[in-house]
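In the two complexes that follow, subunit A is the common piece, with subunit B as its partner first and subunit C second.
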Partner chain A sequence: MMRERFISGYDHFVLPFMVGMIFVLLWCIIGVIKIMVQLERKDRIKVYKSLVNPVIMGKNVRDWFGDCLFHVKLWRRNKVLGYMHSSIAFGWFMLIVIGHIETFLYIPERGGLFYYPIFFRYFMAVESTTLKGSLLFFLMDFFLLVVLSGIILAIIKRFRSKLMGMRRTTKLTLLDRVGLYSLWAIFPLRLIAEGFTAGVGGGSFLTVPVNWLFASILSKPENFTIAWWAYSIALGTFMIVLPYTRYMHIPAEFFLIPLKNAGIKVRRPRKGYALAELYSCPSCGVCLDACPMSVDKAGLKNTTVYYIRQVKRRNQPRALAIADKCLMCGKCSVLCPINISAIDLRLALRKQQPYNIEHDFSYLDKIPNEALTSAISVGGEKVLYYSGCMSSLTPMVSQSVQKVLTTAGIDFTLMDEQGTICCGRPLLLSGRTEEAKALIEKNEQIIKESGAPILLVSCAICYRIFKEDYDLNGVQVMHYTEYFEQLAAEGVIKLRKQEKLKYVYHDPCELGRGCGIYEAPRKALARVANLVPAAKERKESICCGGSLGSLTLTHEERGRITENSIRNLTANSPDRIVTACPLCMKTFSRQSEIKVVDFAQVIAENLVEKEKEE
Partner chain B sequence: MKRNVLIIGGGPAGMEAARRIRDYGHTPILIEKESRLGGHLAKWHKLFPEGESTEELLTSLTADMEGINYFTDTNIVSINKLKNLYVAIFSNGISVQADAILFATGFSMFPAEKKEEYGYGIYNHVITNADLEHFFNTGKDPRIKEPKVIGFVHCVGSRDEKAGNRQCSKVCCATALKQACEMKELYPDATIYCFYMDLRMFGRKYEDLYLNAQRKYGILFVRGRVSEVSEDIDGRLVVKAEDTLVGKPIRITMDLLVLMAGMSPCVENPKIASMTGVHIGEDGFFMPRDLLYRSVESHSKGIFFAGAATGPKTIPETLNEARAAAMAIDHYFKQKA
Partner chain C sequence: MIDFGYSLTPSSTIEIDDADMSLFDELCAVEPDAIKCMSCGSCAASCTAGVFTDLNLRKVLLGLQRGCEEDVLPQLKSCMLCGKCHIVCPRGINTRHLILSICKIYNI
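Up next is the complex of A and B:
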């Protein structure tokens, strides 16, 4: 049984904690209101609707536990890193929860006070032990131990980040450091404070021995208020600096998850959903190792974590410079523990920039659709093949695709034989949405009028925009890797396997991370040669360096990225590098000592002609 | 005292230097990776500015080879420095001690297939400048069939950062004009276009060549790069380019396209550099002590350069540099003695 030690249920030492707590709460409430107001009306309605949708709510609860508390994604990346984060997050969460349970069980009238569950052991004295009480005390000590183990790992990580699978960590700001040190201090101070009180307020396997230790070395162990003051000040400091540090991600992510699950997307560079994302960035620095630009030490400052920092500081020139440098390969987003939409954030900023070039799209109207579609508009044909602008620079690709189609006996028409109208992706990537629309509309019109059920695309860049931004009335868009694999699986084309050759497949950013196509090209290539893995591949594949995404990278900088990407691909000494994007192929060919070929070329080379087979 | 000079590369620079070094009283040892001396020059038919015969030039270069040890089909396996000597081992098993080494390694032709948009190796009627010279020499090339419209593309792999070659190859402008005029003589009815960025007619008589090409031969000059090439149903080439003087895109159907592949650094440069410690510039060519006063000396003692090893050069420049290098080597020996 327990009783209250002070009739007032109050002591001055709780003040630092209370000030911090109230400050953070107000900050968060204002922040939530601000973000909700900044959201577009239709987005806001979407959020409200999602909150009453049981499926989305279920997802929210799952993500709150999985992402905020257990850090499942970090576990997958590195066990120690995962343990470190989840021990602190979940352990702390449990300390707060059990603290509240204790308060409500033993002294429910104090339940409304913020500080009571936190400083429970100070205010209460044990009269007699019960099973329930000692179990709760045991749990409290247990989770304190869990948190402390996490803190120890965090301190080790500061000095030896490699142990946790991180080559580089973020450079912290001054306030980040204040936050960090106060966070480190909170739990050891709590142990000391509770250790002092354990003689009166009770304790378990951790706090009681600490109490004995103090009793044996200190002459007046009862004088413990100072320890509680220190503990409260550490908590207060942490919460006062919290909104200005990376630790803001703790409350922000809690709010970001329902927004994300409601399907809200970034529309403006620092308002609405973007603001929620900016504050949810924990500055963990996973993007530092992920970014292809970090092959140069100077490139590190162009990574997403620093982009977010500059946007938060409203340093517009720096933020814009970083936004323009980015290759838009999307690797940081995929590896990011909270999947910050790094590309969308930068695109939103690019879109805001004044654009002085007058595009003259009047020629689009002069191109008669019949000229482009003369062969198509009859309808009934099966495949419409769009080879794209890049194929004009790499004619081997479209030649090979046509060879495969002809051999397979597929009825097809080349959509851009008389000249390609750009798919619009380069304009879109540079933030020129309106200009891209003119091209998109013209192409949509041609595709729809063709009456073809399948649009075949041999460029990963075009493929992505056809998939994401075109309204094609049910015309099926297929990348040639998918289509050829399908033809091979169905036996429409027969391929011979070169047993002695080792190929490595490069996942183009737009195709892999962009559209999620990883398997089809691998399956098809495995039919013609032995596939060896790259050091990093699939969603961790490294951009070739040629990306259209970057507006300001120099040739030299791109060259070093390409070199690094080739090194990654040739880890298992393949005979050839195969890629499924003409731009990647062109970029690699410039620098690679190993032959670089396009997917279509490999398939075309290994076709078994039907007559020969018989 | 007789000294050994190892000359790497049996092109015009190496051959000329070998003779001069011998004349100074030293012993040249010349090695050439290919099966005959002459380098790229041996594959050419006629030379600019006045259509001089390559045959004649080669004859004068090889006329007097007495006292010159040379090995063809031979590569360098290793070079080691011993105090004041270099010990080189050749791929034919021979090893020599040399008091000085002359790098006359020349250049490598830019691989035109790297500019895939021009379709070399993909389309039937796309050839390079070297292919055309071969045709002039032998009269045989299945890709050239009574062409009516012919295009010359300047700067293929020159002044092209994306192709990894920033430098101007210096000789292609004049070569293109020379070849265009030769083609006009062979096919008087053909229409011939030259697609150029700038015409760099810097040498004596080069401007005359240019005026002749316009006035006498009626070659058409289009200022602008070819953007892409494709093949139509009849197998003719469809060439798209921009005429930047008019500011309009153009599109011409052709029967033959000649790519003026430029000069890239010799592909073996990095290997040789790592054996001897000589410097390689950002562009991949060897770096002399300085570009004005000591352009044939390297940063390593006893190692010298001549010809296109240090950047694109014309034939007379190469020959003069070979002579200068021979003189510098002799001077180096005299100082040492």
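Up next is the complex of A and C:
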């Protein structure tokens, strides 16, 4: 049983905490209203609808627990970091929850006071012990221990980040440091404060021994208010600086999750959904190690975490410089614990820049659609093959694809034999969405007019825009890796395996992270040679450095990225590097000592011709 | 005018001293690559839009270097920014950004 120690139920030391708490709450409420107002009307309606949709709400609850409290994604990546974050987040959450349970059980009339559950042990005195009471006390001490263990790991990480598997960590701002040190201080101070009062207010396996310790070394252990003041000041400081530090990600992520699950996308560089993402960035620095530009130390400042910092500071020139430099490979987004849409954020800023050119694509309309295409009739399934503009630089790709199609006996039409109209992806990546529409419309016309049910594409860049931004009335868009693997699996083409050769496959950014195609090319390549893994592959593959995403990277900077990417691919000393994007092939072959070939070439070389078979 | 059966070709002399090169200097300040070009024409040969229009980056740069921007700038309107010129450039010029900077500075 417990009784209240003070009739007023109040002491001045709660003030720092209350000031901080009310400040943060107001800040968050205003922030949520601001973001909701900034959202476009249709997006706002989408959010409201999602909140009454049981499926999406279920997802929200799962993500709230999985991402905000348990950090499941981080666990999968790094157990120590996962434990560190979830112990602090979940432990702290449980301390708050159990604090409230205690308050509502023993003194429900004080339940409306913010500070009461937090400083419960100060205000209450134990009269007699019950099983329920000691269980709650045990849980409180247990979760305090959990949080403290996380804090210890956090302190170690700050000084020895390599121990935690992180090569680099973010450079903190001054306020970040204030937030960090006050966060470190909160829980040890809580232990001390609760230790002092454990003699009166009760405690368990952690706080009671601390109480004995204090009683044995201090003459007047009753003067414990100062410890409670310190605890409250630490909490207050943390909450006052919270909105200006990276710790804002704690409340922001709770709000970001329902927006994300409602399917909202970034539209403007720092308004609406983008603002929610900007504040949800915990500055953890995972993007530092992920970014291909980090091969140069100078490139570190172009990573997503610093981009977000500059946008938050409204430093437009720096933000734009970073946005223009980015390769748009998307690796940081995939590895980011909260999957911040780094590409969309940068694109939104690029889109805002004046172009100062009045584009004139009227010449496209004058080209008759049939002038570009040429039909090769073999009989069988009809395929429209778009080799893409890059194929004029890599004619081997287009020739090899045609050889495979001919051998397979497939009736195909070349969409761009007499000249290619760019797919529009480069314009789109430069933020010229409106201009890209002219190219998209012309290509759509040609594709629809051909009447072919399948559009075959041999360029990863084109493939992505065909999938994402084209309206093709049900024409199936297939990358040649998917299509050839399908042909081989169905036995339409036969391949011979060269047992002695070791190939490594490079995942092009647009195909892998962009469209999620990782398996088809690997399966097909495994039919012709032995595949060895790269040091980092699939969603962690490193951009070749030739990406059209970057507008300002210099030739030399690109060169160093390429070098690093090749080093990554050749980790297991393969005989050849195989890629499925003509741009990657061009970029690699300039610098690679090992032969770089395209996927189509490999398949075409190892085709078993039908006549020979007979 | 009496028709003599032949005509005079208008002079193609370019008075570089009379040309206003301030914009080109401004361009070179942002894009040092602009003077790296050796007019090999790889860009024009590989150009996607060049198949359908008169776009020729080599000529554009030559024109700018000689102060006759009015003659060449309209060509850039048909550029699709596909970046093939960048891939083939033996001087490693970032042609896409160069084109964007030309547009920004010359304000076409």
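The definition used in the following text is that the second predicted complex is superposed on the first by the 604 of 614 C-alpha atoms of A that agree within 3 Å, B and C clash if a C-alpha of one lies under 4 Å from a C-alpha of the other, contacts with A are read in each partner's own complex, and residues count from 1 in each chain.
One rule holds in what follows: a residue touches a chain if its C-beta (ideal position, glycine included) is under 8 Å from a C-beta of that chain, and two chains touch if they have at least 3 such contacts.
Just so you know, these numbers come straight off a predicted model, no measurement behind them.
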{"item": "Clash or fit, subunit B versus subunit C on superposed subunit A", "value": "clash"}
{"item": "Touching partner for A:Ile186 - first (subunit B), second (subunit C), both, neither", "value": "neither"}
{"item": "Which superposed partner A:Asn356 touches (first subunit B, second subunit C, both, neither)", "value": "second"}
{"item": "Touching partner for A:Met328 - first (subunit B), second (subunit C), both, neither", "value": "neither"}
{"item": "Touching partner for A:Val404 - first (subunit B), second (subunit C), both, neither", "value": "neither"}
{"item": "Which of subunit B and subunit C A:His555 touches, first, second, both or neither", "value": "both"}
{"item": "First (subunit B), second (subunit C), both or neither touched by A:Met396", "value": "first"}
{"item": "Of subunit B and subunit C, the chain that contacts the larger number of subunit A residues", "value": "C"}
{"item": "Partner chain in contact with A:Lys586 - subunit B first, subunit C second, else both or neither", "value": "both"}
{"item": "On subunit A, the residue positions that both subunit B and subunit C contact, one per complex", "value": "392-393, 555, 586"}
{"item": "Subunit B-touching residues of subunit A, taken from the complex the two chains share", "value": "392-396, 399, 555, 586, 589-591"}
{"item": "Subunit A-facing residues of subunit C, complex", "value": "46, 48-49, 51-53, 76-78, 80-84, 87-88, 92-94, 96-97, 100, 103-104, 107-108"}
{"item": "Touch list for subunit B against partner subunit A, complex", "value": "114, 116-117, 119, 122-123, 161-164, 227-231, 240"}
{"item": "In the complex, subunit A residues that touch subunit C", "value": "324, 354-361, 363-364, 367, 389-390, 392-393, 419-422, 424, 426-427, 430, 432, 439, 546, 548, 551-556, 583, 586-587"}
